[in-house]
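Once you scroll down, you'll see the structures, which are given as structure tokens.
Shared between the two complexes below is chain A, which pairs with chain B and chain C, respectively.
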Partner chain A sequence: MSKKRPLSFYLLAAFFGLFVLFLYGPFSAIFLLSLQGPEGQLTFPMRGFSFYWLGEVFQQQRVGDFVSAFQRSFLLGLLVMAITVALSVLAGMAFRSKFWGSNLIFYLTISSLIVPSILVSLGIGIVFSLLGIDNQWYSSALAGHLTWTLPFAFLIMVGVFNRFNPSYEEASRDLGANDSQTFWQILLPLIAPSLIGVGLFGFTLSYDEFTRTSLISGENNTLPLEIFGMTTNVTTPALYALGTLTTAFSFLLIGVAVAAFQLLSHRQEG
Partner chain B sequence: MNIGTKINSVGKTNAVCDLGLTAQGVSLRSVSKKYGSFVAVENLNLDIPAGDYCCLLGPSGCGKTTTLRMIAGHEDVTSGDVLIGDRHVNNLPPAKRDTAMMFQNYALFPHKTVWQNVDFGLKMRKIPQSDRRTRVGEMLELIGLSHLAERKPVQLSGGQQQRVALARALVTRPKVLLLDEPLSALDETLRLRMRGELRKIQKQFGMTFIQVTHGVDEAFALSDQIVVMNHGHIEQVATPAEVFRTPASQFVAKFMGDQNIFTGKVINCIADTNSDLIELDVKGIGSLFCRGYGAVIGNEAACSIRADLVELEPYSAATSIPSTKQNHISVRITAVELTGYVTRVSLMAEKTGQELLYKVRTDDWHNSSLQEGQLIILRWSADDCIFLAH
Partner chain C sequence: MKNWKNIQPYLLVAPQTLVFFLFLVIPIAAILMVSFWEFTGYSMSPAFTWDNYAAIFSSPVYLATYINTFKFVAIVWLITLAIAYPIAYFLAFHVTSLRWQIVLFLICTIPFLTSNIIRMISWIPFLGREGVLNQTLMALGVTNQPIEMFLFSDFAVVLAMVHLYSLFMIAPIFNSMMRIDRALVAAAEDAGASGWQIQKEIILPLAVPGIAIGSIFIVTLVMGEFATVRLMSGGQSSSVGYLIRTQIGSLQYPMAAANAVILLLVTLLLVFGILRAVDIRKEL
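And now, the complex of A and B:
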């Protein structure tokens, strides 16, 4: 085991270390600064150590309402996730066979991703006011987020179904199951692990979406908009504490998704 | 419903298990399958009697799997009729055809246990719970996997997975079992064992088995009837012995392997008591004599001689005279391959460069003093040589 490693190993390891530092360095600074004592400032050096600022986030802020913004973003994320999963599965199923215009729809869907986000936001705002619908996080902002998550999820599902072995469904039909039984009892459980990925993807894309929400969130801010507002107004480490908390939430979410994925995969492996 | 025996002891007893299994025959009438302009299967006519083990044999892309899937109902028939028993089943879904399919790689549901996999077909057919329990239990008993009922498919070995797939197919009491390359996923040793088990089960229940395979050995070992297919049509339908002894076409002879095939022009045809004696003019070699029917003088045709029916003798210029009884050509030994009981000797025709094969008992080969590189005479009887019109 004590085989001597070549110099290139250490060089590449150092390079990888830099890469990790590059990824997590900025956040580490915010994380550390959010754990200061009550006299803490916005810059280093740290003054003391406490969880004071983390608690402060949940107090009513003079210039922002973090808790209700979080609730809105969380609900919006769940809504986007549910719609994204349901529609992308249906679209993926449809695209397993060629139909008239399927190529056109496919490329239109994918190319919609290159339309600048701010224009999408603007367009939705205009159309919604034309239709006389109020701009709200649960109406226009939801629509804006779906223009972002659906094409991605659709692409993923096309890939999932490409790899899906149709003989499972044939075996199911051979054994007397009808189409709906085959879908619910065979197909859906088998693609469930992929659906968790799609769901998590949909949620996170929505949860931290800024540009597409910016013009159409209506009177109540989503969390990214709220945080952006705070950066110009809040002058205490509470801002950093907020960053720490939302990041912790994201990690928690990933943990839940991984656990669910493991559970579902485990069901197939016994 | 009692199970008389388990698979392991089937060979010793003729007790028939009462699992409610009966057989039906399958008939194809002018069946064709086209994908756009591509013809996968063309005008197929075939009768498979009830209780037969029938193998559809051919290279990949010959239409054998398509044919099986059309019988199963997983593929629509472009034209023609599929009959199971005397029922016309063209428009029936797979589950209503009294067939069951065993898929290549088995397609066991990975998220269900062995028990749930076997139970699935009964559950979908709305069989009462208590009946289901008995029937699944019996079936698992039969395949000897009762103790693994709660396992998931990935926790089973290849052979066990195959048995579960078989149980899942049989539990719905099909009249015809359709098997798509059931042994291709197994390693060599297991393949031989499971081959034996398939044949035993088929005999035990007297069921109709239709199996797709590209393995000549497998088809020979299992079949009552072999259907050799090529390019979407049938080349030959016959028992394994007939296919082995009298291949019907050049394709069949080549596909079986271990055949020496010569192509040439028919120059003479003499009617005889058994079959016609046919003289073929082979370019670079001269006249070869063979037996068969349907030769038309002037036509291009071929003859085939099995590698185990040829003999070698020392070279001498005088023996190379064509006769109506014996064919001779001069060949050079290019390679010797010992495969156990049999030694395979590769030869090259001295005048044409054609590669030929001689199969001989290894002991006999050792007693001969022949060596690689040596020039010798290959000799065979015209009576053993099969005429192939196409």
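And now, the complex of A and C:
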């Protein structure tokens, strides 16, 4: 590339830089403020430096029950992830062939993205209360989360299968493999890197979901609900420390997913 | 064997469709039903009455809430579009290596995989009474006492929503722009088109599907908002989502359901309006 870059490149690059600052600036502020000393406040300047507030998060009586809310959200995220991956792979495979009613099902799936989240929460809440079933994070909230993760996963899988070369499967059948062998030994390994993406999506969308859980979490809060509750009564940097910890966890997950993706796609090339 | 091939797609798609039937279709039908029920002061009872709808349309407070929600939708849509278009254009056309495109796009994506609530909280050190913004303004002599309006205001609500949702606009526009045949742009350049003409005649029209999908996301996300409105306005501003949440809090299910039905209808109307411009199935 010896071509001289136009002025617009530098202007847009500067704009992009500002946008990244806008995205990450606020977060770096709470990261710094969560590392203050015990006399720390909610705003700059930083007062001292310590891990006091990070430790404070685990003191149950000070900031609510963070640990068990985290455990619930973590388990719920895993459940949502497993169900999302399994169902979206199946549905994606169905959409490789044109079948009667496929348009209807396609639009039903998409419509789940278009319905405002609060309606899903309200509707599931009403159904459960009409049927006399208690709301729980592992029943009603799980259902609400699936209506949000499945459409994304489904769209990704349809895209993946659109680009999938069917000659691998044909070769496998020509060599005498049956449908299930072809699926487990050929198709699944080939789409595995995409499944990591779908899984990460499923987990994080669930782990961070607020609105769809808000009316139907039952008696035990998920982590985002617990944090939302804390915003009204916690006025110490413990709130930021909690933010730092959960965000660090999200970053860790993204890192693991990226590493797994690289490993799997590298294996396919090699 | 022929039969099996015919029935196979239905079996494959059945589990996912069942989820949507049970947890999307039936709940919305239930909302519709309950919106005609009566509220007896502490619980709901089956009935067929238009009273809930009449109450909404005759109340200036409710109507103001709807208008306030539309206002948030319009402002957030405009700002996210103004940000997303140049960002997507920069990534798709000015960044020339695929590796860098992926890296820069991931940099934009990562914050969206973290908690919305945390991202809202993270504005407190900036916007608060003793926040960075006020301190800066006071140091510059623009104002000599802190401005209260930054946090707990409509300004804060819009800022946080733009912060939360701009990726939903960037990603589809970026996707559309990546599909534009570079030869078109080169041909236009050779024919002597100016940068502005290339934008207007080639890139913008071909980015329309992405803009449409992004707009659908923004409309849907902002229409049903209540957490951001509640947290960033400190309860001083309202939205239909927040209204529904409050009514559920006082067990007024029929009123909440009627509001939800209107909210859904308005959202669908907007979405269908946008869809007339684009066939989304072509975009996958």
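In this section, the second predicted complex is superposed on the first by the 254 of 270 C-alpha atoms of A that agree within 3 Å, B and C clash if a C-alpha of one lies under 4 Å from a C-alpha of the other, contacts with A are read in each partner's own complex, and residues count from 1 in each chain.
By our rule, a contact is a pair of C-beta atoms (placed from the backbone, for glycine too) under 8 Å apart; a residue touches a chain by one contact, two chains touch by 3 or more.
Because the structure is predicted, anything quoted here is derived from the model rather than measured.
Once chain A is used to superpose the two complexes, chain B occupies space next to chain C without a clash.
Which of chain B and chain C touches more residues of chain A is settled by the count: it is C.
Applying the stated contact rule after C-alpha superposition, one finds that A:Trp137 touches neither chain B nor chain C.
Residue contacts after overlaying the shared chain place A:Trp148 against neither chain B nor chain C.
After overlaying the two complexes on the shared chain, residue contacts for A:Phe70 are found with neither chain B nor chain C.
Of the two partner chains, neither chain B nor chain C is touched by A:Phe164.
Once chain A of one complex is fitted onto chain A of the other, the partner contacts of A:Asp174 are limited to chain B, with no touch recorded for chain C.
Legend: residue contacts after superposition of the two complexes on their common chain; A:Ile114 is shown touching chain C, with no touch to chain B. Within the superposed three-chain model, A:Trp53 lies out of touch with both chain B and chain C [touch as defined at top]. By the touch criterion stated above, A:Ala13 is placed in contact with chain C alone, chain B being left untouched. Measuring only between alpha carbons, the smallest separation of chain B from chain C in this overlay is 10 Å. In the three-chain superposition model, chain A touches chain B and chain C at no common residue. Listed in rising order, the residues of chain A touching chain C in the complex are 1, 5-6, 8-9, 12-13, 15-16, 19-20, 22-27, 29-30, 33, 41-44, 86-88, 90-91, 93-95, 97, 99, 102, 105-106, 108-120, 122-127, 129-130, 143-144, 146-147, 150, 154-155, 158-159, 162, 200, 204, 207-208, 210-211, 214-215, 223-224, 227-228, 231, 239-240, 242-243, 246-247, 250-251, 253-254.
Remark: chain C residues 6, 8-13, 15-17, 19-20, 22-28, 30-31, 34, 83, 86-87, 89-91, 94, 96, 104, 107-108, 110-111, 113-119, 121-126, 128, 130-132, 135, 163, 166, 195, 216-217, 220-221, 223-227, 231, 241, 244-245, 248, 253, 256-257, 260, 263-264, 267-268, 271, 280-281, 284 touch chain A in the complex. By the touch rule above, chain A contacts chain B in their complex via residues 165, 167-168, 170-178, 181, 186, 189-190, 267-270.
By the touch criterion stated above, chain B contacts chain A in their complex at residues 72, 74, 93-95, 99-101, 103-105, 107, 109-111, 113, 120-121, 124-125, 151-152, 154-155, 168, 172.
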